[in-house]
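What follows is chain A paired twice: with chain B in the first complex and chain C in the second.
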Partner chain A sequence: MHLHPIKTVEDLQFYVATAIQLEHATIPPYLTAMYSIHPGTNKDAYDVMRVVAIEEMLHLTLAANLMNAIGGTPDLTQKGFVPSYPTYLPNGETDFEVGLGKFSLETIDTFLNIERPPLPTNSKKNNATSNLGLLKTQRTKKMLIPTFKSAEGDELHFYSIGEFYKAIGEGITKLTEELGEKNVFVGDPDKQITPEYYYSGGGEIIPIHNKKSALAAIRLISEQGEGHEGGIFDYEGELSHYYRFQQIKLGKYYHKGDEPNDPSGESMPIDWDAVYPIQSNPRIEDFENVLELKKAAIDFNLFYKNFLKQLTNSFNGKPDQLISAVGGMFRIKEMSYQLMRNPINEKEKTTGAPTFEIDLV
Partner chain B sequence: MVLHKYLLIMKTHHEKLSVFLDLSVVLTAFSAYQLHGTGQLEAYYTTIVDIIGDQTMSEILVAFNTAKTEASSDQKQLEQQIRIHLLSNDKLGPITRNIIKMWFIGSWYQLPNIWREAYGKSEKDQTFVVSSIAYTEGLLWPTIDSHPPGAKAPGYGTWANPPKISEV
Partner chain C sequence: MRHKNRIVDHKTAFAKNYDVVIVGSGISGSIIAKELSKKGYDILILEAGPGKDLTLSGYEKYLNNFYSAVSKDNNAPYKRNPNAPMPRSVDVKKLESGKPNTDSYLVQNGPFISDFTYSRVVGGTTMHFESKTPRMLPEDFNILTRYGRGLDWPLKYEELMPYYRKAEFEMGVSGDVSSQTFSNEKAYEDGYVFPMQEMPPSYLDQCVAKKVNGTKINIAGEIRSLKIRTFPQGRNGIPNEDYKKFNNGELFRPVGAVSQHQAEEGERCQGNNNCTPICPVQAKYDARKTLAQALESGCVDILTRTVASRVVIDPVTQKVSAIVCKSYKDLDSKEYTSETITAKLFVLAANAVENARLMLASGLNSSSDLMGRNLMDHPYLLTWGLLPEIAGTTRGTICTSGISDIRNGDFRTEQAAFAVDIHNDGWGWATGSPTTNLEDIVDNKNKFGKDLRNELVHQISKQLLLANMVEMMPDPCNRITVNPKYVDQLGNPRPIVTMQIPEYTMKGIAYARQMSRQIFQRLGAEDYSVYGTDDYGYVKYKGEGYAIRGGNHLAGTHIMGTDATNSVVDAKQKSWDHSNLYLVGAGSMPTIGTSNTTLTLAALCFKSVDAILEDLKHLHSSKQISNQL
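What follows is the complex of A and B.
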């Protein structure tokens, strides 16, 4: 499947389906790093990652609301929805690997790559082949954002996640102008997740019924991740994800009024050793010799698969199911801890971790 | 000289920890996976060694190995042998009961006075919670299909749903 310039509502739905998948795909790496930290240690770093992970869950829910608003069907259960880690995301002209790994400097570098703000528009114009922020470059096969096929048949790639959301926003504007707002936002309003079902989760959930609320949701997603107009804060005055993670890398908090890359706040104590030595990008087959661990890892995948099914139900007319689905996340945390405390191999002291191989169960 | 032979076999920390895990599986009826899953194996082992010393700990592990050998893979026999070699033993019994309490509640309990007078009063033998997560990781909670008050809560509003009873 390729992305095309957005000309129809179906094109837009395909973009939004990709957005739902993309927002979800960041959550397993964030959860893996968080839960690899020994409970009670690295509290500051844990909280920073937790805030970001919860905002990704808000983004996922907003993308689902957008999908429903334009008459599509959010589906978190289809094969391939959860990527096989490591997967790849675009970062300018190259890709970077997004994998499941323990809390470490290397992992924080990956998170910085995921949330990296786009370059200012004028500095990438030379290479960009269109004003959509597309590039003609050789890319890795396991990309999270599908390639874009131009009218001339060229395979192009988005410069960053920011450019991808910009294309969705422009598509919405274009379609509402051409077809009229009522013909784009045809979804059943009862399927919207409203604040009564989504509580204290990284910001206010926006029910989407028209162009204005759709663009507000896209703005919230983009700016919580990448900041407002190249600044370190979003339009609500909150630190963007990139700079939240950078605090962990630099071991220092940002203060209001700080310039990018130069936080002036108090130091953030980090103990890189208070971490379970989990295997990176684990697979069920890695646990072949540890039967209880293998069974527990499969149980985790079954539980997660069911969790995604519950989310899909709640996004398809049963919003009240979201409350118990969110309750399931506490179980996901406990199951993760158990996996991460169980050795795979006594000699190398490596421990297990959730494999997120959802298509295998 | 049986004792001497076993001490030679279990020389590394890792080997002793592994026997301690096997013993804990029998004492608690929880699986090795579940015990590892509490993250407390090393903490409990170290706590005991700190209080009663490496030598007495080795005596417990040796007694367990003896019980296992005599039970020859018969579960019922093993329980019987553990009563004989550990729980009814004046020196090892109170420690064995403390191991059970530690796994379930997360605290070390001061040994009985009669034990302290007979085998020595370690300064560290006070009642205390073993680690910051020992209480919430106690096996008590999964045993009663609940969660520790104030921790591991199942999420807002989930009390409206029927309880999820896990297999033990």
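What follows is the complex of A and C.
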């Protein structure tokens, strides 16, 4: 299956399904890095990652609203929805992999890649083949979702999440022009998640009923990730995810008015050693010799599977289930700590971690 | 709530000309600063506390102090500060006859010894309050005329209604207006709802309601039926769709954690159990949320580690010309500098005890001699029992429901009204549980491991504590005074408390005790309430003894009234004696009914803002004229 430019409502639904998967795919890596930090240490870095993770939840919910608005069915329970880490991102970026790893400089570099802004137009010139932000790159591994194929048969990939959303926005504009807005936004408005059920300070949930609200949601997602018009802040004046993570890498806070890559705020103390030495990209089979760990890892996956089920229900006409689903995230944290505080075996220094192998349970 | 860093150093503060100087950054001071800053006035807030709490990490230090403290009293999160001491319940001792208790910050004369506290940190006492926000009842405003008790207010409930709405918006109230039916008069506008839906009642509340709802009681010959209802609270919940018409068509937007960086926290209550003193996620309102908005305006500076020490009056105009303040170096240091700050207008917003203490320390007893008098609080009687079945005690927030049916009625001619909280944190307030339970199970019952855990659950999740909050009327003999003999480290006089529980209140307390017995009977609960004669709050009344606790709802010390002979301030909280001075907060309240004072004092401050803006306009134009001359 290949992505191709959006021509039909089905195409649009496929893109939005990918968006939902994409937004979710960032959450396990962020949670793993956050919870690997010894509680009470690295407070500033923890808070930075926490805010990003919460906004990813917002993006996931916005993508679900968009799916409902265009008459699709958000489904977080289908096989393969949770990628097998390490993985490429579902939007087709293939020059880096995203894995589950402890809080480290290397992990922060991956996070920077996830949230990277589009390349400046001039440096993209030679490689980009369309205005969609696609790059011609060599794929090395089987993709979760095969990527874009150009008319000439070249394999093309989105360079950034923002550009992927830009393609969705253009698809919506095109379809509403061709079919009329009412024929695109055919979804049941009662399925929209509204601010009563979801709110956070970094941008409100937007119920989507038409082109205008759809594009507003897309703008919010892109700019929270990558900033507004190449700046480091989004249009609400909040620092974008990319530059938030960069603060951890550089050990310094950005202030209003700062230029990219040159934060001028107070320093952010980081202790890279106050971290549980968790195994990267763990699998259940890694815990074969430690039955308690194995059981805890399976319990975690069962719980997480149920969490995704609750989210799916809440996105399908039972919005009140969102409140208890979010409440369940306390348990995700607790269960993560349980795994991360216990060694895999006596000799090795590494400890357990959630495997997120949801399809195995 | 994100905000600018506006903590200024001394040099900056004393070099600047401020329009208004506000003493105290609690809810009163923060509301007034925020509202005046909208009009561009330059404001300085003097704050006695260390001021390290306007960041997320500063707040989290408070949390960690609380978690690691042996005593979980209301001021446990805040380090002891000899330069701006605060009362702590752990310091309270039984009165020895013939001499006052003098060895902690509050000097207590008795005869009643109260363990009331307040907090002297940024955000004031909202930094430990529980955040219940019931309005006072229309009947409370003319209780003297109506029931021959207490004092009438110089303003009517209707006049305060629009300001109550502002206060409910500011504090982000969650609650159910339709259950607030204790008044026989119109208490809310038609169709009014609180900004957010009610906090869901705890499982314990539901267990109690099942058996108690419908219970008939006889109060001074009147038969009433009890009903468990939720309290309105300043705590973030689910925004109410119907509130849009009271908020320019917008859904209410909850205000989250205070931080200099984006925090994404505190937008919704998570059901933690230590609302008092400190919410781990900042879903509970505290005045820093209002202060942060004031600071964000860019017109408000805050000078911390600075204690207002003396109010200076111009002998000709009788206006306040300056405030002398003492700035200390840090908590552990005796070093301080003394400086004088001037402004056009001054607002004392330091709380009922500290406002009076400062005025009295400045020799300003007021022409009515009422400064510091009429000290009120809500005396609490705790009653506790063990339920026959597990009721999930400690699951969820500290208190969501209670009994308010006895807040009003003709019985108030005879005895005090009261309200009852169902405490969801077990017997802690009365007995020190769960620590005391743990000690008993380990030391006396020799349990360990799984048995210990089971026994703990068994004992704690059946605990029911009722906190009966009883009305207390103003009495000029209950008062705050000062004496140069008793001073703190900076040489500021300490408050001396003289307090007696009036018989009217004792009648209410005795009735509350009886009603608890009836409730426990209905629930099949074993009554474990005991009040020892060695308890510092022990009071004997008609053959029965009661241990009474302070409610921290201090009020009345600069009471408002209709003229300079019967009060300290007018209905706008403006001093009768000094035309550029406002004394704000619960100290202005002539009565407190059965409402936790914060919401009402917040409403009064919104009302004062209108008057202060009017004054500033005049001060500004008279200054222009004098410049032209």
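Just so we're on the same page, the second predicted complex is superposed on the first by the 341 of 361 C-alpha atoms of A that agree within 3 Å, B and C clash if a C-alpha of one lies under 4 Å from a C-alpha of the other, contacts with A are read in each partner's own complex, and residues count from 1 in each chain.
Following the convention adopted for this analysis, contacts are C-beta pairs under 8 Å (C-beta built on N, C-alpha and C of every residue); 3 or more make two chains touch, one makes a residue touch a chain.
A quick note: this is a predicted structure, and the numbers were derived from the prediction, not measured.
K.L.:
Output check: A:80 vs chain B and chain C. Expected answer is one of first, second, both, neither. What do you get?
P.N.:
neither
K.L.:
So in the superposed three-chain picture, is A:346 touching just chain B, just chain C, both, or none of them (first/second/both/neither)?
P.N.:
first
K.L.:
Using the superposition on chain A described above, determine whether A:51 touches chain B (first), chain C (second), both, or neither.
P.N.:
A:51 contacts chain C only, not chain B.
K.L.:
What is the contact status of A:238 with respect to chain B (first) and chain C (second): first, second, both, or neither?
P.N.:
The answer is second: A:238 touches chain C but not chain B.
K.L.:
Kindly classify A:257 by the partners it touches after superposition: chain B alone (first), chain C alone (second), both, or neither?
P.N.:
neither
K.L.:
Is there a shared patch on chain A that both chain B and chain C touch, and which residues make it up?
P.N.:
In the superposed arrangement, which is not itself an observed complex, chain A uses residues 40, 199, 323, 327, 330 for both chain B and chain C.
K.L.:
Contact residues on chain B for chain A in the complex?
P.N.:
For this pair, the touching residues of chain B are 14, 18, 31-34, 36-39, 132-133, 152-158, 160-161.
K.L.:
Which of the residues in chain C end up touching chain A in this complex?
P.N.:
Within the complex, chain C contacts chain A at residues 1-2, 56-57, 60, 64, 197, 238-241, 251, 253-254, 256, 261-265, 267-268, 270-271.
K.L.:
Report the residues of chain A in contact with chain B in the complex, numbered from low to high.
P.N.:
Counting only chain A, the residues touching chain B are 38-40, 199, 292-293, 296, 323-324, 326-331, 334, 337-339, 341-343, 346.
K.L.:
Using the touch definition up top, name the residues of chain A that touch chain C in the complex.
P.N.:
Counting only chain A, the residues touching chain C are 40, 43-44, 47-48, 50-51, 54-55, 195-197, 199-202, 204, 238-239, 253, 323, 327, 330.
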